[in-house]
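The following pair of complexes shares a single chain, subunit A, combined with subunit B in the former and subunit C in the latter.
Let's turn to the complex of A and B:
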């Protein structure tokens, strides 16, 4: 049976006669891919950091990382770039989706033909192709294969912090740590930036796999003070983290802390395999029980050296013990780590200042090698009028007193001069003592040498930062600080290309009423302990001892490390110095 | 769809019902009832269109999961019938008598998973893998990477660099 519709419907096709065709007119020459087609790769060479995550994710092993002319290996960039083998590529675009910087994309070009099969192996972005500027194709999608947000760290509320020195940061739980560790692509770009070259991808893997003992072993391979570094490290590794290019960098420091917090100190000897040490009969003396000295002591001791540390103060840890406030690094952490060193046989001679209680000459002659890790103990003066009055303090001694548990009366209003981490510590400690705190800094906030999280913490806790200020005079009354006079400064670009310089603005005097002034504009080393005959032999430059790449000074069998040697002036650099020196001392004495 | 599910539950022992979408359900049934249920769905409930038959290797449980996907053309409904069979000497009753092309799916499963369907036409003939000499490749204990490394050869002259190692070589070779 036929109905009318069946008869008419063939004619309905005619209504399309005048419409624009959707097909391509000349399909043999013009064959554009769809706008989001996954064709030959493009790579923005400037943006690419050579992390190799594309290579790792490629199921077909189609990608090799190769060195490329004109791209240098530097901090945060391996200098390698991906080479794609199109004999293996299946165009799945996982490499594009996972790319940490978003530099790797795909054009929609797919019709390229060549008679030479070798042509189909090339380095996108380096070997120029005609589709390099083709905007169409596949780009990193909106979703991401690597979570961009860092696991939040629980912290004490800023409002609760006044009057307490309890640790602010609470630490990760197991679930949080594993989730954070899961964001790591194990590219290892961070290893070169870490002064101690810690195996960061390795210990993060250990967190992910829940193997804390392996994690601890990896930490101790390059860093015998992980409890300290897990809390106060300057974490320059996080600045170059590949994942940080399109989200928050990995919380490397918190993951290190997580490992160190999980393993009880009593287990360390067993886990690290230091149950017995074979003595080698050589003696090393170490001056200063700061991070560099402790690090050298650990690596020397486990290799059988007899190690004695001479420390002027009554406890070890150096600046981490006496300088860093306890809300950042609780004292028991330090004491346990030092206790572990004692347990494996490092001898500590406390309250013995070299140059006073024992001569350097004696130490030099008694030992086969000497390591000097004296740090920067002597604060710079601000060098303005009125600094000698009561109520004008130095941050270093202020922090030292607080950490020792002494009561320091700072009154109600405090001004800190400086903008580094020591200044931040002093300011935040003063806030905890209940004072109103002003911070005077010569340059802008963005020029401050302090870590950004310290600046952030100071703001959170109500420290008032007054940038671009130059102190002129401390005005006193009856020999006691009453106010500080300062000039405002303008930033003048440096003609030599350095950072802009603060230049005082005439007539911009301001006066701030204060009870206490705390100077924190830097410290220097005190070489008073060295007799002249040694002083002549140990060369220094701008207050720092000159060392070679084994951390050996210009004096025979004397090595040095820490703040008195390197400019970075952080714990992790000091630890690296100690390790390097230990290696070199071993080579010198045993090989 | 709810009504159909109720009908099925009255007649068969269904262990699990999953509503994937309003018009797509999955039901789980024991191995011995599976073909009977599929026959019922085709002949009585009129799921006359057979879409696919597929398997999942649950190696930890020692089982394969089979899924028969059926479609009701006029009501536009999908139903998936799931069942578990033993992994060891895996065998399942054939359903080729219900739809001729089921035989092709069964032949594929024989080759890829090693599940036998006795009586299914040409079930022992190679489907894709001519001259295959290993365990069925879709079984999870088949190591694809190892097989490809043993069977094929890498392109000569290829080399790659580990970023961390390369940076060590370039930036701090002596440490």
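Let's turn to the complex of A and C:
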């Protein structure tokens, strides 16, 4: 029922028409905006990463990302900053609400007089304004437009892992993958950080749109081993993901794996459009079927090169086949990906060690170009007394044996020396074989070079990490390892800012009874296959081959990549090296 | 060796040792197969010459030699690593081990000599020389720590 007031009020409002406006009557008194008023933009330039999500969301195209002085492009920061145009802005504050870092805010200032229209286009935080230090105004609200939590990945319970090498991670369902993909803002910051510069926002969009064929095509543009990378990639992209600034970063690696898992290998040729290859008559020889060699082989083969890979072992994949344990990367994934390369015509010559079964000279002379992807196969010794005894193993050969299905008797108690990913793999494998496992590491847990998820996995599975320990002697009995003696270390800060230095504490000797000792302190390349006249021409730096921007070595027509070249020493860097070398070989031989 | 009659004789002895170390590295450089290691060994040799020059500049007839007995970090790696046989296919790890052990030996020689000597002036020179060797050893230990023990 309408009452009388409702009927009269529109008429009584008219009397305000005759009143003088308060701003004219009293022009000098400041009237602050409401505390949460959406006034002019402010931006914390240090916090902003130039992801451009504010620009993307703005319906009025009032924001442009522009280069600014004194802000450099670096990993996870485009170096650009938003410029706001008040000729277009409608003060909806969506840009503030979506800002991935929370750097963009609005002050509650609402008056601004200037005769120069150009003034109203400015870069908040860079072009200084009087409201820059104004605390009041609109901030990113507590709720968020981008869900902060990552879609959980189902994993095998730690208690179920002993005695089995079944894969731990189960993979996303379609609904899970699409929901996770929905969190991506498509800013593309991750692309620059990925060593292979994969089109991450592109393939995440394909997941969101349910277009797996497009997803696979995008993956293969820069990475012919997505099943491998979707499982074990070091995912440096996730470290810079814009969404990670106010929540969990996108599960980029799991989304890649999701795409690769959806498409059957039989469909690859059709989807990737490799139904027939026009031969170009040039031959490339590849030494080593690790990720770098396989990647070079793929990109060369699809461009019509005759590609032959010489591999010492009986299967391809390099360290991803013989080093990485199967609970992280099942064998069939590798075999299928390598099988696809065979299908498109890459020739594999297995069980052929260059330098022994065939000379480097022959390979060099037979091919128009050579790619060397020999990896880091030779482990460093721990270099202490007693290492030659039975029961003192190297992680690389231990993992190799296990991956080949050999039985290795490690006894009941095992010590691993080292703190990198290889050490973690050896420790977690030893746990699966039922041993009590101790990990001796010279520095603190926080200094470990291993990935944090590997350290977490090791703890979960019951590996006991003893940090700040320096092994000094392996004590044996009858030529067999019996115990390891170590000293406790104190950490001395490095004056030059490097890693703190472990220094043994006098009189802190400890002895740990063990059945097996596994060394995992690092590896190096084995150049034994190169005759002296070639060796003299290949320049190296601390054991790594020196290459130019095209991955070309200092030896004519020889290219190289992977662990024997790059310092990052992971699968994706090896893949990127192989791709770069393939591009360069094509330019050298065909253009 | 302990019969040094003057500070100058000690310094001469130290100079001679640096020269010998230089010659040793040059000889090794001729032995190894790998170009980069040859270059590294030549660098080691050059560093020994540098030490020699530094010692030659010491003026011993004044009270002070300029060598100070400040303490140098000892990572003790040279203590527990095993001895390395020199051979053509030596690795960088082998070279660093040889080098730090050599510096350790020189350090020990000078500290032992210092202990046996009563003349305060000469004792200080020995201690100063010992510290120089400790610094050289630390340089190799840090290199070993950074490049060989990457994963440890």
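In this section, the second predicted complex is superposed on the first by the 562 of 591 C-alpha atoms of A that agree within 3 Å, B and C clash if a C-alpha of one lies under 4 Å from a C-alpha of the other, contacts with A are read in each partner's own complex, and residues count from 1 in each chain.
Definition applied: a residue touches a chain if its C-beta (ideal position, glycine included) is under 8 Å from a C-beta of that chain, and two chains touch if they have at least 3 such contacts.
In this text the structure is predicted, and so the values were computed from the model without any measurement.
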item	value
Room on subunit A for both subunit B and subunit C (clash or fit)	fit
Partner contacting more residues of subunit A (subunit B vs subunit C)	C
Vertex subunit A, arms to subunit B and subunit C (CA centres, degrees, nearest 10)	150
Subunit B versus subunit C as contact partner of A:188, first or second or both or neither	first
First (subunit B), second (subunit C), both or neither touched by A:462	neither
Which superposed partner A:52 touches (first subunit B, second subunit C, both, neither)	first
Touched partner set for A:524, first subunit B, second subunit C, both or neither	second
Partner chain in contact with A:381 - subunit B first, subunit C second, else both or neither	second
First (subunit B), second (subunit C), both or neither touched by A:171	neither
Which of subunit B and subunit C A:449 touches, first, second, both or neither	second
Nearest Cα pair across subunit B and subunit C, whole Å	27
Subunit B residues within the subunit A interface of the complex	155, 158-168, 170-172, 174-175
Touching residues on subunit A, where the partner in the complex is subunit B	50-52, 55, 64-67, 73-74, 78-80, 85, 87, 187-189, 191-192, 197, 201, 549, 580
Residue numbers on subunit C that touch subunit A, as the complex places them	33-36, 73-76, 79-82, 89, 91-93, 97, 142, 145-152
Contact footprint of subunit C on subunit A as seen in their complex	378, 380-381, 383-385, 387, 417-423, 441-442, 449, 470-473, 492, 498-499, 501-504, 520-522, 524, 527-528, 532, 535-536, 538-543
